[in-house]
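Going by the order they are written in, the chains are A, B, C and D; count residues from 1 in each one.
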């Protein structure tokens, strides 16, 4: 079963190598980069179809890599956004702003970034998963300050320091869980395999596992942007090149959340779902609240999107605590968020390119300046607001349904309240950007329309997810619930 | 006599009596004020004169200005078909109840106000604005008073309200009944442009309400409007007379009964007219912005009337 | 129906931005509306059941399902009734946007709006309902934003969508409290609702009231309405005011009466209270408005209040075990909803024609349009008479019925309820009176007298398509009045099953006469109309035959001897409302600002006087502003966390770690 | 080697490792910090080797060698080069002064004892007695990162955090699977390199490695 894994994991490595040696300005090098990313995407989809056919592909010594439904979903998301980034990076419609070495650096590390994320979601060994997630920080932090400025250096320092400290705590958690396993079963090479941990979970010691989960949640939560560990996120997202922001917000947070989902399943099997749920609800609600309130008087649109990511992460955390239906909704929400948020960050790069300012107050008349971009931007925002016919309406609805079914009426009321605050704020900011007179000196008219077209895929997918939710997706989600929904 | 002839008969009686009622009130008022006063039939003469005169129309006026007098007059005449002027039950009782009466009268006011606005005269606008204000504020009193009556009678049907008092005479002095009477009397003063709300005899533009609104009318249009105004007064008086003190109203449609009914009606109208004359002699016109106080007083009366009628049932 | 609207939407996108696109999208909408009428009539009049299930759509959430019962059919019919004339009108009205992308947007969104709105009453299930509910809100939001460059339009859109969203949050809560698993169809919701504890039922009702009341524009949730309705293109305003806000009524009936099956008496009392408040305050606000479309919007608040009086009475009577009175109240409310769709649609279309011709909505700049736009003026007059509740038009019939239906409430044993009913009756009467005053002002100031601006003087008649649309609605106003004795039995057939299992239907069809239960009152709109018409005609003939034959003489208006009459001497819209503004000063709290410029030489010569007056926006100031300020304050506090110091950030991280570890240490030993 | 001896030795080794960590709180000079880190890494390697000897597991020996090479030799060389480059900027005014820092450090070690209570009670390994100290080092490292203003000191704090975790793993589980261990090493090395690059960048753009200046991105 090595072929699908190789076609998934090799192309990013090849792409990184290719970008290293090929001249960045040459179109062929861009085409190769993009083509390899697409190969990886196809491999991810192939894995997903294998999973749907009932397989659980594994690979490597002691089943180091293993793809079940959850992995397949995340792999597809990662590969999709990575492909978009390869097609449109580093800044949609604004490549001329970067020197060839910068473009090369971006391509190399973006490919490595994608590789590490793919490894993280396909690794069966939770240690390897940790290594890969730690590596994502390294790979992405390098290209946050693609153009060196005080702000970008500051953002990247905060990112790598907070991210590393957080992820180190996750390793403490991993070690503690392993410690407990070893204490009971003795040393085994495969002991860090998630499948083995899950199988042995019922005998693990409750206090140790609880301790481990606190470390794991805080550690991976730092990467996932859960408050109050989220502080690096708005800075890094706003200073990074658009394509990197898209990858970070679209899938990096999801990958970190993936790690939490995996561990939550183990912990729930060991000590019952109540304990992890309590933590997830607490921190999720905190994230939701802090993010929603931070949106109200936000001044920069990329930070706005970043806080919106925190908001959605919070929502997904709460969703994870709401039983099988909640997990289902969370995963659906994750897909929607990946699609919408990555599109929004690409577009924000385009807006930044045209207006030359990150301030919301100085971006106006977007509808007139860039009609197509504005239309897509508005669509994305409406998706993020959770309005039909886009997918998030459905996933939010399902999530709320799960909450009410679990008798968590008051919790859901709080969630709805925060969502309403976020809604009103985001809408107000959107209005400020779309309408009004364009500032003087901003060129009118869309350029490089073709560049935006790939993003239309996101819109189509969102509408499809909002209205019909294709059967394969449902089947995949149902599997995920079987795996991790208990 | 055919039942269906009653309707035109009623309308004709009302039309004939109405100017006389105005004349009678004026005469009584003059007497009370130690003046000789013009004869009771003076309004008839005025109407005849107006119908004969030339009509002067403002250059700003539109077709609405021409149509309004007919609508005002027509709606008021329609009301006389529904009100138990002479007999109960009326052949047209099924067509409309007390509410219909009120709203038909409001329709007339509505068009009269529009006509007041039409020539673009500041006085017309002022009159229209004030008239609608008074009409709007009188509305709740009227409605509640109606419901006080209706609740007692078990129907908003005019005929049934009147018949009930005829069958149970003691109800005429029930507190709800008396209070409703008082309330409607106050509303009558307001709705028909009598003192202390409006001065029908004034010729000072700034104090006028009804008169300001019809300032631009002349000739036959004015005749129709004046006639409709007197008819409206008659309708209100009839309501007061025949709903609260229905004795004399014909229960059978024999010529004798009808004649008797016309006579009693005329007497009752005279009595009410006398009351109005007394009131107008003793009271000065209120400032416009104190009118709401009067109307809220009447509203309280009506409220008490309703409360009394269901509390004491 | 779906294909008609879809075709219209597609046509708007395909056929560019010219006349063809306008007509194609309007045609699609008209076809869709016709199908809607047929569907509604089928289900309503002939009882043909309509059920469509689409489990494939939205599979994970239980699939979509549609069905149409009588209640849904009333609202589908109401929507379709006004949709076709509005679409036709829109074909002419949208000429403004020829050659601009806005045309495409309007054509497309209008069809989407109509489609989603028509599917709301068809939806059979919580998710389907909410999906189309949101679709309706969202598409109308885009329509509101058509002319986003106009003043306050974007703000209007913001308020609108924000309020909608808060409402949606409540609705989500309400539906999910009833049933969070299961198929979610209304039948299953009904079954689930029957087993809810009383407290939950109360919560569901309260949430539904907020959610649906917000959409309906019930005070104090109305703040979006006078902003959004004027900002939208006029045929869209007509649809929003005529049909969309009725969906709030529909929802409340569906959830409150159908799914929950009614509740304790305070539900009804609450609805009645809010209805009375909305009715009176709505019309009071309308009276002081100078902007004709805002006036109409506030009048919609009033009419929703009037409808809610009936709805509330239905709830109340049901809980008091008076099903027949309840059925009457509900039928009256439904009838008023249908009537309001007709006349408010007509009025908004008329206001749109005025706006189109003069470019302003400020009545203080209008006047005299009756000469330039005779059709529009006559049709607007019809609408004004209807909405003022005057015979012989439909507004009168439904208000009469409402009066009659509230009357039995006086007789209930509970004095509290009786007093409430008396007050409601008084408020309803006051509302009716004020509405008459308000529409004297709306019609009189806009269409009569001397034009107050050059634009008003140069006004031209609306395009024929616009006129046809208005004529259709004016015809509907008359037809709904004289045909009341045909329509009301149908409405009561819808109302009866909702208010009680065995409610006897109120008797309506005694020939052409309406008769309320137990012969309490009778009235025949047809006879009243006929009698009125005959008498007026007879008077005219009589005057013609017997009156003076002397010709009319045209003269100047009397101006106390002043010779030249100028528009500046006329009564204005502000002046017209002045007496009422003074009388209700305690409520309006008007602020007045008179500034007088004197001649520099002498104080006895005044050069100019400017007068500005504003009424205090109570609900904004005391209800919404504090909440917004509080949220912003919290936002500032939360943002202070993001202080820029990496040490602080790391401290948060470690602090939460230590806290959680401490928590574990304290509680972990189980 | 008897389990008692192993237990005593692991406590001793852990104590050394922790003391080196506390040195960071006490001393202010960069060179002293680097020296403390080097000493700590050596102590860690020694402890690992001791456990490897006890269990006879060749993997732990390999890990010990790696530790020695990377953390006790390689990284200190790079650190010293950085220190030379930036001059001997001292931690003059930490957010928390030395006395309080040491007090807090002591409290954190106590907390670590409380937190690791269940671990010690669960495990049967003789090395388990050192675990609270390893956890204490983790906490003390966090305190260093929070309270010290120089970017270089924060890097050192982070490296000590890694040491603490490594010690925890060795004592608690006698070493995690070698493939994971190697991956972790790779990560640590790469992470350190990247941080080093950033420290240079901070020095270039801000002309100081004082992290306090990084407060431009705020709300």
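Keep this in mind: a residue touches a chain if its C-beta (ideal position, glycine included) is under 8 Å from a C-beta of that chain, and two chains touch if they have at least 3 such contacts.
What you see is a predicted model, and the numbers here were worked out from it, not measured in a lab.
S.K.: Please identify the chain lying most centrally, where each chain is represented by the average of its Cα atoms.
M.R.: Of the chains present, the most centrally placed is C.
S.K.: What chain is the most remote from subunit D, judged by the mean position of CA atoms in each chain?
M.R.: B
S.K.: Could you let me know which interface, A-C or B-C, is made of more C-beta pairs in contact?
M.R.: When A-C is set beside B-C, the one with more contacts is B-C.
S.K.: Between subunit A and subunit B, what's the gap in Å when you average each chain's C-alpha atoms?
M.R.: That gives a centre separation of 78 Å.
S.K.: Provide the C-alpha centroid distance between subunit B and subunit C, rounded to the nearest whole angstrom.
M.R.: Centres of subunit B and subunit C (C-alpha means) sit 35 Å apart.
S.K.: From the C-alpha centre of subunit A to that of subunit C, how far is it in Å?
M.R.: Chain centres of subunit A and subunit C, defined by C-alpha means, are spaced 43 Å apart.
S.K.: Per the centroid of Cα atoms for each chain, what is the distance between subunit B and subunit D, given in Å?
M.R.: Those two chain centres are 100 Å apart.
S.K.: Which parts of subunit C, given as residue numbers and ranges, touch two or more other chains?
M.R.: 639, 642, 646, 650, 657, 661, 664, 668, in rising order.
S.K.: Touching at least two other chains at once: which residues of subunit B meet that condition?
M.R.: As it turns out, subunit B has no residue touching two or more other chains.
S.K.: Find every residue in subunit A that makes contact with two or more other chains and list them.
M.R.: In subunit A, the residues touching two or more other chains are 157-158, 161, 165, 207, 211, 234, 294.
S.K.: Considering every pair of chains, which are in touch?
M.R.: A-C, A-D, B-C, C-D
S.K.: In the complex formed with subunit C, which residues of subunit A make contact?
M.R.: Against subunit C, the touching part of subunit A is residues 157-158, 161-162, 165-166, 169, 206-207, 210-211, 214-215, 218, 222, 228-229, 231-232, 234, 279, 283, 289-290, 293-297, 325, 328, 332, 367, 371, 382, 385, 387-389, 393-394, 397-398, 400-406, 409, 412-413, 416-417, 419-421, 423-424, 427-428, 431, 434-436, 467-469, 471, 474, 477.
S.K.: If you look only at subunit C, which of its residues touch subunit B in the complex?
M.R.: 367-368, 370-371, 377, 381, 385, 388-391, 396, 400, 403-404, 407, 410-411, 415, 418-419, 422, 425-430, 432-434, 436-437, 439-441, 443-445, 448-450, 510, 513, 518-524, 527-528, 531-532, 535-540, 543, 546-548, 550-560, 565, 567, 569-571, 575-580, 582-583
S.K.: Show which residues of subunit D lie in contact with subunit C when the two form their complex.
M.R.: 95, 111, 114-115, 117-118, 142-143, 145-147, 149, 211-212, 214-219
S.K.: Inside the complex, what are the residues of subunit A that reach subunit D?
M.R.: For this pair, the touching residues of subunit A are 64, 125, 127-128, 130-131, 134-135, 137-138, 141-142, 145, 148-151, 153-158, 160-161, 164-165, 168, 171-172, 175-176, 178-180, 182-183, 187, 189, 191-192, 205, 207-208, 211, 234-235, 238-239, 294, 298-299.
S.K.: Within their complex, state which residues of subunit B touch subunit C.
M.R.: Touch list, subunit B to subunit C: 51-60, 62-64, 70-71, 73-75, 77-78, 81, 92-97, 99-100, 103-104, 106-107, 109-110, 113-114, 117-126, 128-130, 132-133, 135-140, 142-144, 147, 150-151, 154-157, 205, 215-216, 219-220, 224, 288-289, 292, 299, 302-303, 306-307, 310-311.
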